[in-house]
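Shared between the two complexes below is subunit A, which has subunit B as its partner in the first and subunit C in the second.
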Partner chain A sequence: MTSKALLAATALVAITLSLPATAAELTVGFSQIGSESGWRAAETSVSKSEAAKRKVTLKIADAQQKQENQIKAIRSFIAQGVDAIFLAPVVSSGWDAVLKEAKEAKIPVVLLDRDIDPSGKELYLTAVTSDSVHEGAVAGEWLAKTVAGKACNVVELQGTVGASVATNRKKGFDGVVAKNANLKVVRSQTGDFTRAKGKEVMESFIKAEGGGKNICAVYAHNDDMMVGAIQAMKEAGLKPGKDVLTVSIDAVPDIFKAIAAGEANATVELTPNMAGPALDAIMAYKAKGTVPPKWIQTESKLYTAADDPQKIYDSKKGLGY
Partner chain B sequence: MMQRLLQSRGLAQIVALLVILAIDRAVSPQFFDVRMQDGRLFGSLIDVLNRGAPVALLALGMVLVIATRGIDLSVGAVMAIAGAIAASLADTYGLPLALAAALGAGLLCGLWNGFLVAVLGIQPIVATLILMVAGRGVAQLITEGRIVTFTAPDLVWLGNGAVLGVPTPVAVVLGMLIVTGVVVRGSALGLLIEATGGNARASELAGIGTRAMILAVYVWCGLCAALAGVIAAADIMGADANNAGLWLELDAILAVVIGGTSLFGGRFSLVLAMVGALIIQAMNTGILLSGYPPEFNLLVKAAVVLIVLLLQSPRFASAGAVLGRARQ
Partner chain C sequence: MRRLPPVAITAIVFVVGFALCTAQFPNFASTRVAANLLTDNAFLGIVATGMTFVIISGGIDLSVGSVIGFTTVFVALAIERLGVPPLVAFAAILLLCAAFGAAMGAIIHVFDMPPFIVTLAGMFLARGASFLMSTESTPISAPLYSTVSDFALRLPGGGRLTSIALIMLAVVAAGAVLLHFTRFGANVYALGGSRATTALMGIPVGSMTVRIYMLSSVLAGLAGIVFSFYTAAGYSLSAVGVELDSIATVVIGGTLLTGGQGSVVGTLLGVLIQGLIQTYINFDGTLSSWWTKIVTGILLFAFIALQQAMLGIARRAGPRKAGVLKS
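Up next, the complex of A and B:
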């Protein structure tokens, strides 16, 4: 090989190496939990479209609910030298070692949707999550505003006993109830976050409360239970949305169908767009070195019949819910 | 006296059911109120029958499997598969095809389990564990992980309709109970199944086709599970592959055991398995009506099951008799 050719080759290598640094295009590795629920599937598809919008290359690794797979994925992202790592942690503990490796490789980590134990606080850049206590409070405030001081007996369909989301959504709602003497939670049972159990529990609530005549509103910790409860009310000859007010959380497509049909009143969105704010934070951090706050709280937006539910249903339907 | 009463077959179960219904009435005064609502009976008692239907159907298949000294852990997953198939097909192809496909899938699942147990000789708990795990995955593949909803009115009727005022699921259970009863007790089939469970080798030598017997009970169990899955999907007008039938295999086994059928096989009672399913559901509905915080649900359930099983235990009954005599 002549020295000229060698020089040319070296220059070529140098250009190739410098390319990722000069171009604004980032590569982000995303260790996703899996696809256990419709919301999770929607989060994955929204992440892809948010990354495409910002011309970011997103590599998604599906961990199938296993932490060991997530740790493997993070290690392979580090080996590939990605610009940032997104992690939706399946459990809250056991991340310190692998996150230290990422920190040593100077790759910023952003947590999506779930937090990890405080011991790992220094090991990630920021966490993008929703505040589920706040979600419950938004639901409660809507109800307090809607009944406007009138006495209102509420029945509550809780999520799975012991799930932190269920505990927090209850706490947020109870906080509002405590401030409004006219609101009273008369019955509260778990519907395990499922349609079938939501329906069964609502059937018994209706019977226990005088055929539903004593029920003014239903609060469900997720929309799926509410969809079941709406069926139970219809079968009992009640008119959900009119005789009985409904408010639930998540904003899955099917609840918008019910709102459009006048059978449900309100839902609080748990946005599947966690990657959008995370990408913005990473791009600002990479470009200008802006360090984001430790916690980026997503908006818990309230939707009612005034928000063109049919249109939202059509736009959400394709996301994988 | 007490001992003899408790040991007469079925009495313990019926007493337990009556006691639980009485407790339900105590926590919820309107428990026995029944009225018509949109051409359908409506009331807590009807809820017990209606909500208990899927577990009753599972128990109907499970009791025969257990009678052969087997067990089928896959019924919950088979429910999810059948529900997913029925929900995916109903709107486009109509009920007959959707139902046929769902029941056909149940039949195939049963054949698979039966093949592993009867032909390959794998232990039933392991053989059916395979489908219990894989089956839910299959169902999730069919629904692509989302809740598939449908509007086909005839499929909805299977879950929410009524036959002469009786909710369709209850009518289906009654129909299946009669069919199963006529087939196994109207012929020697029931006896042959019990013989297979009692002593497979001796039965084989006596000329009973034990392999065919075992294969048949798993197929029947798969079919019952598929029917339960279709009803569960029709009930919520959607197939929820993640949750449909989840842990129901345990409730079905419990219903059979509460019904006095031994896990060691050799004897069974269809009607008492149904009573077992009703005991479980009467308890569930009672807990929901009582207004206790949900943290107590599982504790109450465990305590009731323990009491019902103690009532059936011959040793417990004789211990009670001894104590009674000592007091005299």
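Up next, the complex of A and C:
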């Protein structure tokens, strides 16, 4: 009897204390992987601003790259009774049990940026990810359009061997090359997604291709490698952006600086705004019961010197890249 | 009653902490949160129980986190790649862990080496070996795994006392009996008090050391199995740093880092306090998750300072008491 009364009293106190916190319409818990890369940090800060824009309370749990922390965070979100859970999974397997719990509690789960194993398909509402094959294709199409039928020897800086992103970005680009007889990938090697390796590999490409005279364009799987390659070209006396066309993927702030300086030509954006479309989907789902498609593809937008790169650089540099 | 035992202070910290969290968040005082505390920290509770024995005996075991990682990879590969039945894989890994712990204990005793160095070597060895086996996360799809993860005692209010939480509670209970009610347990305390005296008392120090590290490694192996249930996968990067978490847990639970004093129940409370901090941060949703480490660090400092103060009081109180008796 007394313990019941005590419980009721505590609950009452708790409810009064928490009233201001429940003023917002929706509460969403976001289990983020961590802040291992600039892109990830930008994703977190964009998620916060997108949620604020829609007056959604966003609770972010940084898992410090550990799956066990992500599972704990999801369980705790379920216990809190949030309206939806966003998950950027650190690995693709091992989510079935905890997502089943979320489903039982009738809390919709949206995956951001990465997918999970097919066994979990029924356990989430939708996945918001970019299509990295498409990213490669966008880069390739820009090049095909820019050279306009002229013969062009392309060198390619690949991402980390075996990384699915690298494989897919290569596949997408190769698809366009196969359709355009004037384009030819003459050399392709891994630069490990890093600036230093990108520069090193580009130096060897320049040496191997007669001081760079035979290179018409560089395609890099990410901007960081391209920044390194630009350095290598400048040191070899080439003019990147003029003698040699460049196209890379990610759209990090530094590449916009290079585009503004006329040293790079184009970049395809991997948007850090995964939360925006996810929030829209959840709000529609909650308000009208609209079930979103299983996969929401983010836009892979192409940026060139025509897009005021300096302005984009200024807007992006504060995001934590 | 004047002198509060450390474990009582731990209990008070936990109860006060829980009350504060409840006051701030309405959903906090639910069976769901309570059950989550046990489920999410099941592997930590199991491994910290073993660590309690090691620390009370005056030692330290830095290899446990790596042993958990090794176990998850071993179990995943044995079941998924080699098609070994899960229970056979469990038996094999527990035997392997026992041998590993026994070897560390033997080296510590025979060569009279500091446990810190020997178990540090064990930590690198086990982590390295798990990377050698696989660097990728291997999902486990054996039917036993979904059976175990689906099984749960449903509590009123939506809480689920999962099978891994039950395993943890069983290990803690068994550990408490072993430590407090058996000769083995009494010898563990003796060993932590003074090695030399223990040997003079005729207790086989060598075999005790071997058995204590064996126990710690076997429990780490069991924690690894529980971890593989938790994520349904084996990953060589799992449980990095758990050895330090479990040492912190044991000390916050009121066990003396220099050995000779402590309890398994205190360790369970230490586990719950760590879980509580994490849950609070998740509920709040705006704090950086690194606050868990900061608060744990502060608590650790507080408890070590407390232990030192109590030792000081005990030393000063000793002679005075004698004086009172004389007069």
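In this section, the second predicted complex is superposed on the first by the 297 of 321 C-alpha atoms of A that agree within 3 Å, B and C clash if a C-alpha of one lies under 4 Å from a C-alpha of the other, contacts with A are read in each partner's own complex, and residues count from 1 in each chain.
Here is the rule we go by: a residue touches a chain if its C-beta (ideal position, glycine included) is under 8 Å from a C-beta of that chain, and two chains touch if they have at least 3 such contacts.
Being a predicted model, the structure only gives us computed values, none of them experimental.
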| item | value |
| --- | --- |
| Clash-or-fit label for the pair subunit B, subunit C on subunit A | fit |
| Touched partner set for A:Ser92, first subunit B, second subunit C, both or neither | second |
| Which superposed partner A:Asp83 touches (first subunit B, second subunit C, both, neither) | neither |
| Touched partner set for A:Glu263, first subunit B, second subunit C, both or neither | neither |
| Partner chain(s) touched by A:Glu101 [first = subunit B, second = subunit C, both, neither] | second |
| Partner contacting more residues of subunit A (subunit B vs subunit C) | C |
| Smallest separation in angstrom, by C-alpha atoms, between subunit B and subunit C in the superposition | 7 |
| Complex interface listing, subunit C residues touching subunit A | 19, 22-30, 32-33, 36, 39-40, 43, 137-139, 141, 146, 149-150, 158, 160, 227, 230-233, 235, 237-240, 278-279, 281-286, 288-290 |
| Complex interface listing, subunit A residues touching subunit C | 7, 10-11, 13-15, 17-18, 29, 57-69, 71-73, 75-81, 91-94, 96-97, 100-101, 105, 117, 119 |
| Subunit B contact footprint on subunit A (complex, rising order) | 35-38, 41, 158, 161, 187-190, 192, 194-196, 199-201, 203-205, 207-208, 224, 227-228, 231, 235-237, 254, 320-321 |
| Complex interface listing, subunit B residues touching subunit A | 28, 30, 37-38, 40, 42-44, 47, 51, 144-147, 149, 160, 232, 235-238, 240, 242-244, 284-285, 288-289, 291, 293-295, 297 |
